[in-house]
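Shared between the two complexes below is subunit A, which has subunit B as its partner in the first and subunit C in the second.
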Partner chain A sequence: MVLRSGSHLLIAFTFFFFFSVLFALSTLGTETLLHLIAPSGIWISLLISVLLTLNKIIHQEFENGSTDFYLLSDFPLEIILFFKTIVHWITVAIPILLIMPFIMIALQIELEKLFVLLTIIFIGSPALSFVGIMISCLTLSNNSSFLITTITIPFYFPTLLLGIYCTNNTDLDNMSLAYVLLSLNTLFTITISPFISAYAVKLHYS
Partner chain B sequence: MSPKLIDTFWEFSNPTKFKRLARYVIPLSAGIALTCIVVGLIWGLFYTEPDYKQMETVKIIFLHVPAAFVAINTYLVMTIASLIWLIRRHYISLLAAKAAAPIGFMMTIITIITGSLWGSSTWGTFWVWDPRLTSFAILLCFYLGYIVLWSALNKLETASNVTSLFCILGSIFALLSRYIVFFIDQGLHQGPTLSLDEEKNIDNSYYFPLILSLIGFSALSIYLLFIRTITEINIHRISLVEKRGESGA
Partner chain C sequence: MNSINIGSLDCFIGNKTILSGINFSANKSEIIVITGPNGIGKSTLLKTILGFLPIQRGSITINDKDYTEDPESRKEKLNFVGHKNALNENLTIFENLRYWQNFFSSQKIDISRMMDFWDLPNIKLSACSEGQKKKVALARLSITGRHIWLLDEPANNLDLSGQKKLVKIVKEHQINGGISIISTHSPNLFKTKTVIELSTFVPKKKV
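Take a look at the complex of A and B:
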């Protein structure tokens, strides 16, 4: 269904591309500076493209009445929301992972790091989707995407900090703890997100 | 705690009983706050020896540490109050959480301003992205988000659940970010000033005025919290009366 509505997928993808290019351009070609900010650039572009697509998932369905049917059906709301978030992650993060090699060339990151970088983003990015869906479920009553964006950003601090830390220090040896923490962070958000979003949706209807 | 004591605690969910309690608490906490802050600050600022390394600037500690203490604990109070709202639906606790947010926000600002004034003379910079400073910036973000959410949603019926869930989730994620920030680097801020371990504690000449102003700041925040909660209750009642008037007409 997300594929059929389609358009936001392309927007997120294009936005990520434009934002990375913007980061590269903002250094005015200074390579040392580009080396320093490239990992942060990738993470922040990822964050913005996730944020942009968030209100499409929950709010659109809330407005066209699909959420009412989810509540009426016997199927647990938690599981529906869990799969919705997975779909959101697949449609937003996977295309971005696919063009990562080209972005890396543009941002002057060595291609040997490709596998490590892909792994880190693959581990870290589900947390972005899950936290985002959780917060957008909270703000069902208010439709402004500006509000959602504003109040979601503080919740991205843990993921973003760990992600950028991991991406920045790929050559260090003792990084295993940071990777473990990053995956723990993701697992934690995956665990709490469906329950809290379902709780928030039910509260909104009660 | 005996069950009877818990029952008396829940009685204050009745606004009238809460107001009766407030009639005793407000003057009491105001008195304690005034005496403790005045005595603590005068003692601290004028009757302690300047530090041999930091000179007079060390005395900003008497504002900085209590403000930080209150800023963190106000968020804790907000979280507990939001939990009580979500579980037991006493709207006073919701209004108390709403009333507490600006107090904590101001205390965070005071902590950051005093800290950066101290830092400018001791570290030579107003701000560094040190773990402790970063975690206060994060705390500030969550306070701001909470206040913005209240002002955006406006109505009590729509805002109540959202803001309390935001507050509870915020406390989890703020703690998470704090530990991650500490994991990433150790920074140059000194360790905790007050601890239960005797040997790590600061010198006694600083200890007592600091404790006094700590008590004073806590009493001040309780005083402000009660005043603001009473105001919120009155605003809520007025809006209820207005609504009844509209539906009646």
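Take a look at the complex of A and C:
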């Protein structure tokens, strides 16, 4: 698979950075408030970064006719979409993981939690990409895209809620269940997403 | 042994039948030209054969095997150049061709040789003209190694030397035993006897 060059990476990266910093600034440095909302801030900016870039990839390729050739190619569409999502996740999530220490300073989270926080985002974020690709594929036909986007937003909830819960409770010892649930959620999404996405694309052609 | 057989095929857009009872077959080394006025359904016919539009009546047989009910496997036998070039604007011409070569594993053909043939500079695709993009799309035909080509108005945007090269690769493909089904407004370009005029397949309007 070829890594796609382009400006969308920069968009996601800067967006995440500024959104998180704005989140911190909006509390005017009130420490208790910041502690309450920081985890949600991280996850929501992560979600929007993913959403901003993913839709563009799938819809662009559909518009320029690449999807036709994916269907003609020697590989099943499921596998192509799976790798596309993996590449998207690597290019969006890894830069975000790298700037996490700075974000944590902005959000006044103790740096000792860095490793735990990175692990949580590492486990949770693939689910966002894989859910996102399903939604993009479902919205290929433009006439009902707003409706479908609205309907499918709840699919992000399990990831977001578990992610925020985990991030909120990094200092608890008995966190194992939430971690397991977050991992299971990601695994489940990775398993079903390529099939549903490919089915949605094929449905669009028939 | 390459062959494709279209038996009394109907083409639809939505629920409307636009072409009815299309019959033709092509064997090894044959060029079929499809012609007709704008909007008659040339692209629709090619898309139906490709499996991008559903078949409600008729049959498609490739290499003596019936693929009517199996658009998935049918797609793996065919190659296509359409109105959309399916190329990434952010990559160079070479990267675009290499990208697509990864998806068609059957045969590895030297990309730089194809680029020399089409006289393509190795620049970013966003700096290319429409004609150059068309040439890249046509160069992709040769690197995929499929035997049946469906070309939807391939001569569009091409200059004279480009058209000559197009005819040359179609002829080369013919010599190698391949089949080309070409929709075009200039049927004389390809010097073939099999010309299908689509306006004879338009269903009569019910009163």
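Note that the second predicted complex is superposed on the first by the 191 of 206 C-alpha atoms of A that agree within 3 Å, B and C clash if a C-alpha of one lies under 4 Å from a C-alpha of the other, contacts with A are read in each partner's own complex, and residues count from 1 in each chain.
Note that a residue touches a chain if its C-beta (ideal position, glycine included) is under 8 Å from a C-beta of that chain, and two chains touch if they have at least 3 such contacts.
A quick note: this is a predicted structure, and the numbers were derived from the prediction, not measured.
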Go through the superposed model and pick first if A:Ile196 touches only subunit B, second if only subunit C, both, or neither. first
Comparing the two partners subunit B and subunit C, which touches a greater set of residues in subunit A: B
Between subunit B (first) and subunit C (second), which, if any, makes contact with A:Tyr205: first, second, both or neither? second
Considering only touches as defined above, state whether A:Phe155 meets subunit B (first), subunit C (second), both or neither. first
Between subunit B and subunit C, whom does A:Phe69 touch in the aligned arrangement: first, second, both, or neither? second
State the interface residues of subunit B toward subunit A in the complex, per the touch definition above. 138, 141-142, 145, 148-149, 152-153, 158, 161-162, 165-166, 169-170, 173-174, 176-177, 180-181, 183-184
Could you pull out which subunit C residues touch subunit A in their complex? 50-54, 71, 75-76, 78-80, 82-91, 95, 98-100, 102-106
Residue set of subunit A touching subunit C in the complex reads 1-2, 4-6, 63-66, 68-75, 80, 205-206
Considering only the defined contacts, which subunit A positions touch subunit B in the complex? 134-135, 138-139, 141-142, 144, 147, 150-151, 153-155, 157-158, 161-162, 165, 177-178, 181, 185, 188, 196, 199-200, 203-204
